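Both complexes shown next keep chain A, but they swap its partner, so chain B is in the first and chain C is in the second.
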Partner chain A sequence: MSLGRFLIKRTVHGVFVVWGVVTVVFGLRFLTPGSPVNAVAPLDASQELRQRIARDLGLNKPLYEQYFDYLFSLLQGDMGYSYLRGIEASTLVLGRVPATVELAVAASFIAVVLSIPLGVIAANRRHEPADYGATLFSLVGISTPNFWLGIMLILVLSVQFGLFPTSGRPLGLYPALALLVTEGAPGGLLRWLHHIFLPAVTLGTYFTALITRLTRSGMLDELGKSYVRAARAKGLPEALVRYRHALRNTLVPIVTVVGLQLGTLIGGAVITEAVFSWPGLGSFLIRSINVRDWPLIQGSLVVIGVSFVLVNIVVDALYAYLDPQVVTE
Partner chain B sequence: MAARDLLRVRDLSTRFFTGEGQINAVESVDFDVREGEVFGIVGESGSGKSVTAFSLLDLVESPGQITSGELWYRDEDLAAEFREQRPEAVDGEFVDLRRTSERVRRSLRGPSFSMVFQDPMSSFNPTLTVGEQIAEAVEVQRRASTNPRSTRSRTQGYGLGRMLAGMVLPDSGYVDEDSEAQAVKLLEEVGIPDPAERYDAYPHQFSGGMLQRAMVAQALAGEPDLLVADEPTTALDVTIQAQILNLLDDLQAETGMSIVLITHNLGVIARMCDRVGVMYAGEIVERGTLEEVFEQSVHPYTEGLLGSIPDLDDPAPRLQPIEGSVPNLLDAEMEDRCYFADRCPKAMEKCLDKPPEIECEGEHAAKCVLAETEYHDSRRLPEDYFEEVADD
Partner chain C sequence: MPDDEALDRRSFVKLAGGAAASAALAGCGGDGEDTPEGDGGDTATDGDGGDTATDAIDETDTVEETATDRPEPEDREGYLQRANLLLHERAPWVFLNRQFSVYGQNSDLDWDARRDELIAAADIGPGDDGSVTITQGQMDSGLDPHDHRETPTDNIVTQAHDGVLNRNASGEVIEGLATEYERLEEGLVEFTLRDGVTFHNGDDLAASDVAFSVNRIVDPEVGDLESPQSDQLAGVTGAEATEDLTVEVSSDGINPIVFQEFASYCDVVQEDWITEREASEINTDMNGTGPFRVTEYESDVRVEYEAFEDYWDGEPEVTELTMNAASEASTRVSRLLADESDIVVNVPPEEVQRVQDDDTTEVEAVPSTRVIFNAMRYDAEPFSSQQFRQAMNYAIDLDSIIENVLAGFAAPTGQPTLEGFVGYNPDVGPYDHDPDTAEQLVEESGHAGADITLETPVGRYLKDLEIAQAVAEYIDDLENVSCSVEQREFESLVGELTTGNIEDKPPFYLIGWGNTTFDATQTIIPLLTTGGALTSYEEDEDVDSAIEQAQSLPGGE
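Our next item is the complex of A and B:
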């Protein structure tokens, strides 16, 4: 089986998974008590008004009809209208995507850039101070709650030393880059970096700690394998043995974890987004749930689900690329 | 004229320092390997055969460590190199590798020593093509040829950046075309059909036998003087085993290299070896030429091993196993006596002292009091002697 066929297969899988996600998301509404009408109608609304609202929202139709309506409009990119704000849900939901993706990618970037070298150093200097330092760091990183770390960073770095802004996202990466390209002005990009730094560090710390551990133990595992001894036996210098041979195999499972984490970060950065008033999808979803704005809830969940599936396809492709055994199996 | 010695191993001990205590995996082992011969090391699992092999190439990994011994290797150039700076490490054309540096020992892997491992499937990197791994072995020697002791010459122009790029992009450029061509030639030499095509295959796309051939090709890349083959046929089907042995035989005849063949299979030893050492509990308990050891064996352990081979011409109703199993090699539990005594059907009072190595005729020697002629003077131990000692 070629890489191309492998990817087509994975994509077809992905389509079914997305379909499943949409179905569950649609069903959620009927599993939660209370009609959406209650969220829209005033408290003293008459029975007649309530019925009209239900009809406007399409709630009076049979379930299967509502389901297929939803499915087909979703296929056309239509997520319905926000119950409370009357604006197209897709505009609101998709408007939140860039901030979320920026934060997730920035956090992952910090994590990968820091953790893999750290894990490798720890493995290379097993039972030496550098190893204990890295292990301690990863233990602390894994056990530090996000909200506490975020608040501490704000208190120390922003409030005390004034190094970083406390919160907000004055502009996105795309306009910042556009500014750089069209006007040659790097100010926007710097501003963006300045604002995203603390939230990205906050979100990335746990992730860094996790991958440091995985890299360390994975590398130690690989270094104990027979092929490493064989590589030494043929006279390869230690650098080649460690980086060309062992590290390559260490990275295979790590790519999977990084991918899965990236998927999780897209919907799961709620706390960090809240602490830093970062206008992302996570905080948006929570707010929508609080006011039972179903089109927004469903839209957000579908976007999160689709992103997860997309990231996974990319990860599978990378995995197949790094580990040739995957494609043939 | 008798062949010259290529390697003289003296008093080699390798220990593992584990949480449970010190394990004496190899204890005070002596043997010689001559030019162009096959020296066999035979013993059951856990007797220290593989650790001996790793010790020869300085491939013992933590928590293991070679704790004593000398490895005298005959190499005129190396001897000339060290005669001035470390005269105590040189004896004629021989150099004691243990008294050289790690860098020197590493520089000998490939052009002087190389190794064929037990399980070919796990001894190739699963994420690189077999051809590239062989070409890498060629390349590293080609690069080292100008300055054999330097590490830098082996990585020149191939820094960490290119290594990392090589993980993401194909063709990372460590090996050049000549090395690739040489690798294809090596694959052909070891009898792999369509070598140019198989070059690009990954280890999991090979059968066990073909992969073991590829491993032999890899071991030949540096044109070694000594090939250490650690159970090269254990992981293979019986029919394939014979093919690999034939291959080693042919290659040895062709290149004149020496082979240290490690196996638990006495049939393999009988088929391949000129001289043989029998290992038990980290020691070589009997050594000599194949005939001496197999036909005039002195040590009851060797006799026991030979007695446990089924004979097709004279099928006995039951094979004669050696009772018990190899002792735990924890230093704390090793008493200063013959380690085989408590399994030995001929144990005597004398066996409670550690037997010295006793020379018999020719090259034959054994660590057993039975090799002495006056052993009759000693009293046999009662059969349940060790059980009673254990009860106390």
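Our next item is the complex of A and C:
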């Protein structure tokens, strides 16, 4: 099988997964007791408003027709109307995506950039102080709760030393880059970096620790394999053996973990978002659940599901690049 | 003296039902009952009791004669005070605390917090640079001033809008866009608007805009909106512009609290601006007559304003205003300490010290308009017994709860109405902590050995779970009652309280009630009278009668 066919196959799988997610999300509104109108209407909605919502939702139509209407609306980017907020759900939900992606990617970037070298160093210097240091760091990182770390970073670095802002996202990456490109002003980008640093470190710490451990154990495992002995026996330079061959094979499971974590971060960075008032999708979903704003809940779940699928397709592509056997298998 | 024929039952019922929506967002009340208490005579007894509770009350409480022993009141406030005294005696609630609004603020600011939880940025004397940032717990749910029910949204939209009337920091009614207001006849009042008021887009305010604003709230046919605020103008049926600057507002019945309502609610919008726009645009921009004009709005993130130079009351001292939010209390306090915010709301007791320890910040605490209580359903045993209900009040040490759980940031209550409200009875204090009397009353009630459960939301009100646990522990310490706590998800609990069916409500639950009209009726009618939308206490003819009499008389205008 060629790489192209492999990716097409994965994409088709992804489409079916998204379809499944959308179907489940559509069904959610019928799981609540009573009429689906109750799931959409505010608690204190009048009878007139309830009737209007029933009309808007097409509840007088057969179920299959409602389902296809919902599917086609979603395909056109229409996630319904938030009667609580008086605005299209898609405007609010999609408005959260940039902040979510920025934070997830920044946390993953920090994790990958720090953890792979740390893991490699630990494996290369097994039972030396560097190894112990990296192992201790990863143990502490995995054991530290996000909310505690975030609050501590704020207290020490923001409140005590004033090095970083405590919280918030005054501007997004896109407008910051636009400022840089159109006006040559780096101020926006620096401001964005200044604000995202602490949340990204908080979110990325567990992730960093996890990948450090994976990299270390993976490297040690690969370095003990016979192809490494053969390469060394062939007289290949040690650096080439370690970084060209052993590390590349080590990266295969790590890419999978990174992909899964990135997908999780899209909707699951709730605590970090709350501590740093980062306007991401996770905290938005929780707030929507608290007020039972179903169009927003459904829209958020669909976006999170689609993001997860997209990330996994990208991971599959990387997987295929790193390990071509995956494609042929 | 009231004229019985003037009683307007429809008005009374409408007010009672109208407050229903407050439940969802202010935290509501419940339902319940027992046999009706006797009207008149000594302290009423329950059918299943032994002796009356009078002896116990006489010995331990400040109330020495019952409300119905006293002469007929002479005015509306007198009837409301009587209702409060009756309710103290008949104890439909375990009376708990008046919640305080606790803010952290930059010491450079000159600002007094209001009792109605609103932060009027125009009243702030800013520091050196004239800019002020206010951090709330959450952002708005859209900028349409008539399409929300939450304080955070109020705080954001009222910076750009004015009301017909207003309140000062202590809650008294003062002029707003109207300079004069008078009752023309029963059910009809007139507002005379001030001249020279302009909207942010430069257009002049007209009486038709005020009438449109009123009608948009009370009439679903106006302005394409089912306003969730219709009950805030309870009793009001419509408004009409009679001259360029004169508006007449009609009510169903006498509506004694009409001016109180307009002092708290009804932001004035421009009719043309609203009718020419889609809901999505109205929810993302504002055009009011208020002291601040919106310059930037990012949903769920922040709103930025600039001072409106043509504001009728003079350009505010604050030149730039930012409203943002942080749901975590520790983050809000950190923002204040890092000088990123000038005022932060809802500082919890555990964070107070951090604010006080910093030289540049201070704590501002004021009594709010919210009362926290444990409702006891009048129709469910053992709460059907007045003696048992009184016993629950005697069992708890309210002062200790306030001191140890709420760090002193609360005030004890002994009646449904809060101090400073119309109808508050200054002769009624909180119940004493007297476990012996409590045990005696439980015995007399015939419910010794009762096992009760207090249901409470978690995280909805300041230290709600901790308060409930303390209450349950005090009750459980009685030798003849067992009590435990059940934690409830707030929306689910409210769902049970708002069905309109008393039997759906838990027999014993903790809840809070906010009442920004500063009038006793808006607590008692929905929560403690027959037919009240969220009542836990019905068929008490004395209470119902006192409230009906009060509602038949004009307010203090």
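The working rule: the second predicted complex is superposed on the first by the 297 of 329 C-alpha atoms of A that agree within 3 Å, B and C clash if a C-alpha of one lies under 4 Å from a C-alpha of the other, contacts with A are read in each partner's own complex, and residues count from 1 in each chain.
Heads up, the rule we're going with is that a residue touches a chain if its C-beta (ideal position, glycine included) is under 8 Å from a C-beta of that chain, and two chains touch if they have at least 3 such contacts.
Computed from a prediction, not measured in an experiment: that's the story for all the values here.
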item: Chain C versus chain B on the shared chain A, clash or fit after superposition; value: fit
item: Which superposed partner A:166 touches (first chain B, second chain C, both, neither); value: second
item: Touching partner for A:226 - first (chain B), second (chain C), both, neither; value: first
item: Partner chain in contact with A:279 - chain B first, chain C second, else both or neither; value: second
item: Chain C versus chain B, contacts on chain A by residue; value: C
item: Vertex chain A; arms to chain B and chain C (CA centroids, nearest 10 degrees); value: 150
item: Partner chain(s) touched by A:323 [first = chain B, second = chain C, both, neither]; value: first
item: Which of chain B and chain C A:237 touches, first, second, both or neither; value: first
item: Chain B versus chain C as contact partner of A:292, first or second or both or neither; value: second
item: Distance in angstrom between the closest Cα atoms of chain C and chain B, superposition on A; value: 39
item: Chain A to chain C touching residues, read off their complex; value: 42-46, 48-49, 84-88, 91-92, 95-96, 151, 154-155, 158-159, 162, 165-170, 274-277, 279, 283-284, 287, 290-292
item: Sites on chain C touched by chain A in the complex; value: 20-21, 23-24, 138, 141-142, 144, 147, 149, 220, 226, 228, 279-280, 282-284, 299-302, 324-328, 330-331, 334-335, 337-338, 340, 491, 494-495, 498
item: Touching residues on chain A, where the partner in the complex is chain B; value: 224-227, 229-240, 243-245, 247-249, 251-252, 322-325, 328
item: Residue ranges of chain B touching chain A (in the complex, touch as defined); value: 54, 57, 59, 61, 106-111, 114-115, 117-119, 122-128, 136-137, 140-141, 144, 151, 154-155, 158, 160, 163-164, 166-167, 172, 174, 202, 204-205, 215, 218-219, 221-222
